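In this document, chain identifiers A, B and C correspond to the written order of the chains, with residue numbering beginning at 1 in each.
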Amino acid sequence: MKKIWRALTAATAAVAFTLCGTTLWGTAIAQQPLRIGFVYVGPVGDGGWTFAHDIGRKAMEAKLKGKVQTTYVESVPEGADAERVVRDLAAKGHQIVFTTSFGYMDQTLKAAKSFPKNFFYHATGFKSSSNVFIYNCRMYEPAYLAGIVAGHMSKRGTLGFVASFPIPEVVRNINAYTLGARSVNPKITTKVVWVSSWYDPAKERQAAETLIGQGADVLLQNTDSSAVLQTAQDKGVYAFGWDSDMTAYAPKAHLGSAIEVWGPYYTLVAESYLAGKPFKENIWWGMKEGMNDFVGLNPIVPPAALKQVAAKKAEIVAGKFHPFSGPIKGNDGTTRVPAGKTLSDKEIDSVNWYVEGVEGKVPGK
Amino acid sequence: MDRFDPLIASGIAAAIPLVFAALGELVAERAGVLNLGVEGMMLVGALAAFATVAVGGGVTLALGAAMLAGIAAAAAFAVLTLTLQANQVAAGLALTILGTGVSAFLGRGYVGFRAPATFEDLPVPALSGLPVIGPLFSLNVLGYAAIAMLALTAWFLFHTRAGLALRAVGESPAVAHALGLRVTRIRYAAVLFGGAMAGVAGCYYAVAQFKMWQEGLTAGNGWIALALVVFAAWRPWRTALGALLFGGVTGLGLYLQAAGVHVSPFVLGSLPYLATIVALVAVSASPQLLRRHAPAALGKPYFEGD
Amino acid sequence: MIRLVRRAAPSRAMLWGSPLMAVGLTFALGAAVFAAMGQPPFSAFHALFISPLSDLNGIAELLLKASPLCLIALGLAVGFRSNVWNIGAEGQMYIGAVFATGLAIHFQERWGGWMLPAMILAGIAGGLLWAAIVAALRAHLHASEILVSLMLTYVAALIVKYLVFGPWQDPAANNFPFTVSFEDNASFGSLVEGTRLNTSVLLTLAAIPLTWVFMKFSFTGFQLRVAGDAPAAARYAGHSEKRAIWIALLVSGAAAGLAGVTEVAGPIGNLNDRWTPGYGFTAIIVAALGRLHPAGIAAASLLMALLYIGGETAQVALQLPRAIAYVFQGLLLMALLACEVLVHFRVQWTASTRSSQAA
C-alpha cells in the first residue's frame, strides 16, 4: 500500500514538476536555481578528503546544469566558527547545506534548529534531527580490496598503516585492510603508526619510513597527503592512494586507490529537493550504491590478484559479501564475530578493537 | 645496528630543511632582528621551487627561484621593520599570514601531481655503507649543502670581521653605529640572507622531500625552526644538534609505535617537545657550558637618525 | 630624497590617522588585486568588511569571536611590556579548558549553580599552572620562555587529545573524541536572545579597564613596565627580576586559561580535540597591533575578528578563495604597521648630499 502511495506521489510530483517547468519555460522566466552550500574542513586543493567532496559537488553541478547554484566555504575550523558558517549559508538562501566533516556535528545541529525550513546533511556523524540527516560511506570496502592486493604483493608478509586518530572510522579501515590481506595470506600482519594529525606530510613521511624500516612493504594510509606514497616509491615498496586517485604522485609504488564518489549522492539530494520531496534519510552507502570505489589498479599487479579483486568487488556490489562477516577473531584471541554473523552498522561505527593480525592495541582502550 | 639506520636516515632527512631555516633565522637574530615570518617565507619558497620544476625548469633553477622568493618575502619584512621601524613581532606574524595566503592563492593550479624533477641522492662511494654514520654520506646535494652552510655560517660569524660586525650590531647597534658600522645595511643583509635560507628549506620540502605542492605544506615546521635557534643559543652547529634531536625523537616515537610498544601515541608524540625542553634546560642551567644569552638588541628597533 | 626624522613626541593626529591611512592603502592594493581577478572591488570589500556587521547577529558574532582574543591579548600585553615573551598562550588556554572540563563532566550533576563559577576558577588555575612551568624554568633555570612556552603548547594539545580519546570520552559518543556535553549550569548563559553572544563577554569587558588600572596605577604594574623598558634601572631599584617574570607569566596564563573556559563552556559546549582555531597565536598579533595598550587591544581584537569573519562571508557571497582573505589580512596588517611609522617619525624631503648622509 505504501509503495503505491509512494509511486502515486512521485508520479504526481513528476507531472506537477513537468507542468511547472514547461509553463515557466514557456513564459521564459528564469527559475531561481536551488542554492546549495558546502562546508569544507580543508582546502579544495588538498588532493584528499575535501578534494573528493569538491569533485562530487562539481559533478552534481554538471548534471543539474542551471538548476542548482553551489557555494563552498573552505578550511572552516571545527570549533565555534563552523556554527556561524552554517548559519550564514542558511541565512543567505542556501536551502541545502552539506557539512563534510564529523567535527561539524553539534554545530550543524545547533544551527539547523534556527532554520527549520532548510535541510542539512552531515557527513560521517551519528546524530540527526528533523532537518539534519547523516551520510557516510564505507571506505572499509575498498580498504578490504586493497588488502587483497596487498596480500598478493607483499613479499615480507608485513603491511603498514599510517593512521591519523583512533576513531572507529580509522580502526575499521585498518581491520578491513588486514582481513582482506589475510584472505590471501593468513599469516600476514599489519603494523600501525598514529601520527595524530589528518595532514602532516613530514610526520606521515617519517611514519612511512619507520614502517618500512620495520619490514612493512605495502602501506595504506588514511591521512590526507601523498607523502606516504612518495616515500614508498623512494624506498622501493608499495602503497595505496586514499580519497582520490593518487597514481600521479607515485606511478611505480601506487597499486590502487580507495576513493569516495560523492557526486551521485549530492545529485540525488538536490534532485529530490527540486522534485519537491526533500531527501530525509540517514544513509550509509558503499560500493553497492556507487559511493566508494577502488580504482587506478597498477598493471604490475598479477592477473590472479586482479581477478580476485574484481570478483570480490562484484560480490560486494551485489550485496553478497560483507568484509566484516564472521568468523572474525580479535587480536586478543577472542572471537569478535561468530561464524554466520555480520557486524551491524552500529558496531562497525563504534569499533574499538583490532582483528587478528594487527599488532598492538587501539590507543586509549 | 641495521635496525637503527633507517631511524637515523629519517631523522637526518627531517633535520635538513630545519637546519637551513634555522641558520637563516640565526643570522638575522644575531644581527638583532627577530623575524617570526619563517613559515611564510618557507611556503613561498616551496611554491616557487615547485612551480619552476612543474613548468619544466631544472632543480637548480628551482633552487634559485626559491631563494629569490624567500628574499622577496624577507624584503617586505625588512622594509617594515628596519626602515619603517615597525614592531618586529607583529611584522613577522603578518609576514607569516601573507606568505601563507599568497602561496595558497598562487599555488592552486599546482596541486595534484608529483614534481617532475627532484634532487637525486649522491652517496659517497665508500662512506655511505658505514653503519650509523652512513646515512650522512648518502644525502642529496641540498643535504651536503646544509652541512657546508653550517660550517660556513659558523666560520663567518666567529672568524671574520664581517661576522664580528654583524654580531656587534646585534649586541649594541648604537655602539656599532658609533664605530662606523652601517647598522641598517648590515641588518638588511642578515634578514635577506634569512629569507634566502628559508626559501631553500621550502625548496627542499617541495622538490626534494615531498615532491608535491599543497597549501600549508610545511605544516608548522617554520615555528620549530624558530624554536631551534633559541635552543641552539644562537650558535650554528647546535641548530643541527637540535634539529637532529627533534627529528630523531619524533622518529623514535613512531618507531616505538611500530615496534608495538604499548604507550599512547599521544604520549609518544609529546616526546620531541619534552626532550627539547629538557635539553634546553640542561644547556641553560649551567653557564659554563656555553654563553647562552640572546643578542642583547634582539627585537628592538634601531633608528639610525637618532 | 626621503628621510625619516624622529618626532619629539608621538603625533596625536597620526595615532588616529595612521590606521585610516593603512585601511585606505590596503583598499587601494586590494582593489588592484580584485580587479586583476575580475572581481568588482567594491562588492569584495563589502563582503569582507561591511556585510559581517550588517545585522545584530553579525555584531554578536563579532563580539563572540573578539572576546577570547581580547582576553588573551590583555594578559599577553602585561608580559610583553616587561619583555617576557609568552608564545604559549594557546597551550595555557588548552589546560584552562581541561581543568574546567574536568570539573564539569564529573560534578555538573551535583553542583548546581556553583558549577560555572567553579569552572571559571578552575580554568584560571589551569592556565596559571601551565604558565608556572614556563615561569619556573625561566626564572630559576634561565630557560628561554619563548621556546618552553611554545613546546608546551604542543604538549598541551596532546594532553587534550589523550583525554578525549581516552578517559574523558563520552561513552555515548560512538568512540568519537569528545566529552559529554556541558549542562546549563556548566555553561555561560545567553546574553542577547537569538544570538550566540554569551555572558562571558562581560568578563572580557571587565578585564579591559582592570588591566589598564593595573598597568597604569599599581606598583606591580609600574615594576613590570620598568623591567621591560629599563632592566638595568629595575635591578638598581631592587625590583626582583624573578618576581616580574612570575607575575607576567602568571597573568597571561590566567587570562589564557579563562579564555579557554569561555570557549568550551560557551559556544562549544564540550571538550574535543578540534575546538580552537589558534586564538593563542592570533592574540599575539592583537597585542602587538594594539601597541600593548588595553584600549588598542580591544580595538585590534575587533579588527582581527572582523578579518576572519569577513573572509568567510566573502567566500559565501562571492566564492572568493579563502586564500585571498589571508592575503588581505596580511596586507592590512603590514599596511597598519607601515603607516604606524608616521606616529613616531615624520617624513622629510632633503637634498641628497654626501654631507647630510655622513652627519
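One rule holds for everything that comes next: a contact is a pair of C-beta atoms (placed from the backbone, for glycine too) under 8 Å apart; a residue touches a chain by one contact, two chains touch by 3 or more.
Please read these numbers as outputs of a predicted model, since none were measured by experiment.
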Q: Name the chain whose C-alpha centroid is most distant from the C-alpha centroid of subunit B.
A: A
**Q.** Of A-C and B-C, pair with higher C-beta contact tally
**A.** B-C
Q) CA centre of subunit A versus CA centre of subunit C: separation in Å? A) 37
Q: Round to the nearest whole Å and give the separation of the Cα centres of subunit B and subunit C.
A: 27
Q: Two or more other chains in contact with one residue: find those residues in subunit C.
A: 158, 161-162, 165-166, 321-323
(Q) Multi-chain contacts only, two chains or more: what residues does subunit B have there? (A) 104, 108, 215, 264, 266, 269
Q.
Show the residues in subunit A shared as contacts by 2 or more other chains, in ascending order.
A. 43, 166, 196, 363-364
**Q.** Complex contacts: residues of subunit A adjacent to subunit C
**A.** 37, 43, 71-81, 83-85, 87-89, 91-92, 102-103, 106, 126, 165-168, 196, 349-352, 363-364
Q | Residue ranges of subunit B touching subunit A (in the complex, touch as defined) | A | 3, 5-7, 9-10, 13-14, 104, 107-108, 111-114, 205, 209-212, 214-219, 221, 247, 250-251, 254-255, 257-260, 262, 264-266, 269
Q: Flag every residue of subunit C that touches subunit B in the complex, lowest number first.
A: 3-6, 80, 85, 137, 141-144, 146-148, 150-152, 154-155, 158-159, 161-162, 165-166, 281, 284-285, 288-289, 291, 321-331, 333-334, 337-338, 340-341, 344-345
Q. Residues of subunit B touching subunit C in their complex?
A. 40, 76, 79-80, 83-87, 89-91, 93-95, 97-102, 104-105, 108, 215, 223, 226-227, 230-231, 264, 266-267, 269-270, 273-274, 276-277, 280-281, 284-285, 287, 292, 294, 303, 305-306
Q: Enumerate the contact residues on subunit A facing subunit B in the complex.
A: 43, 45-47, 51, 160, 166, 191-197, 199-203, 205-207, 209-214, 216, 225-227, 230, 248-251, 359-361, 363-364
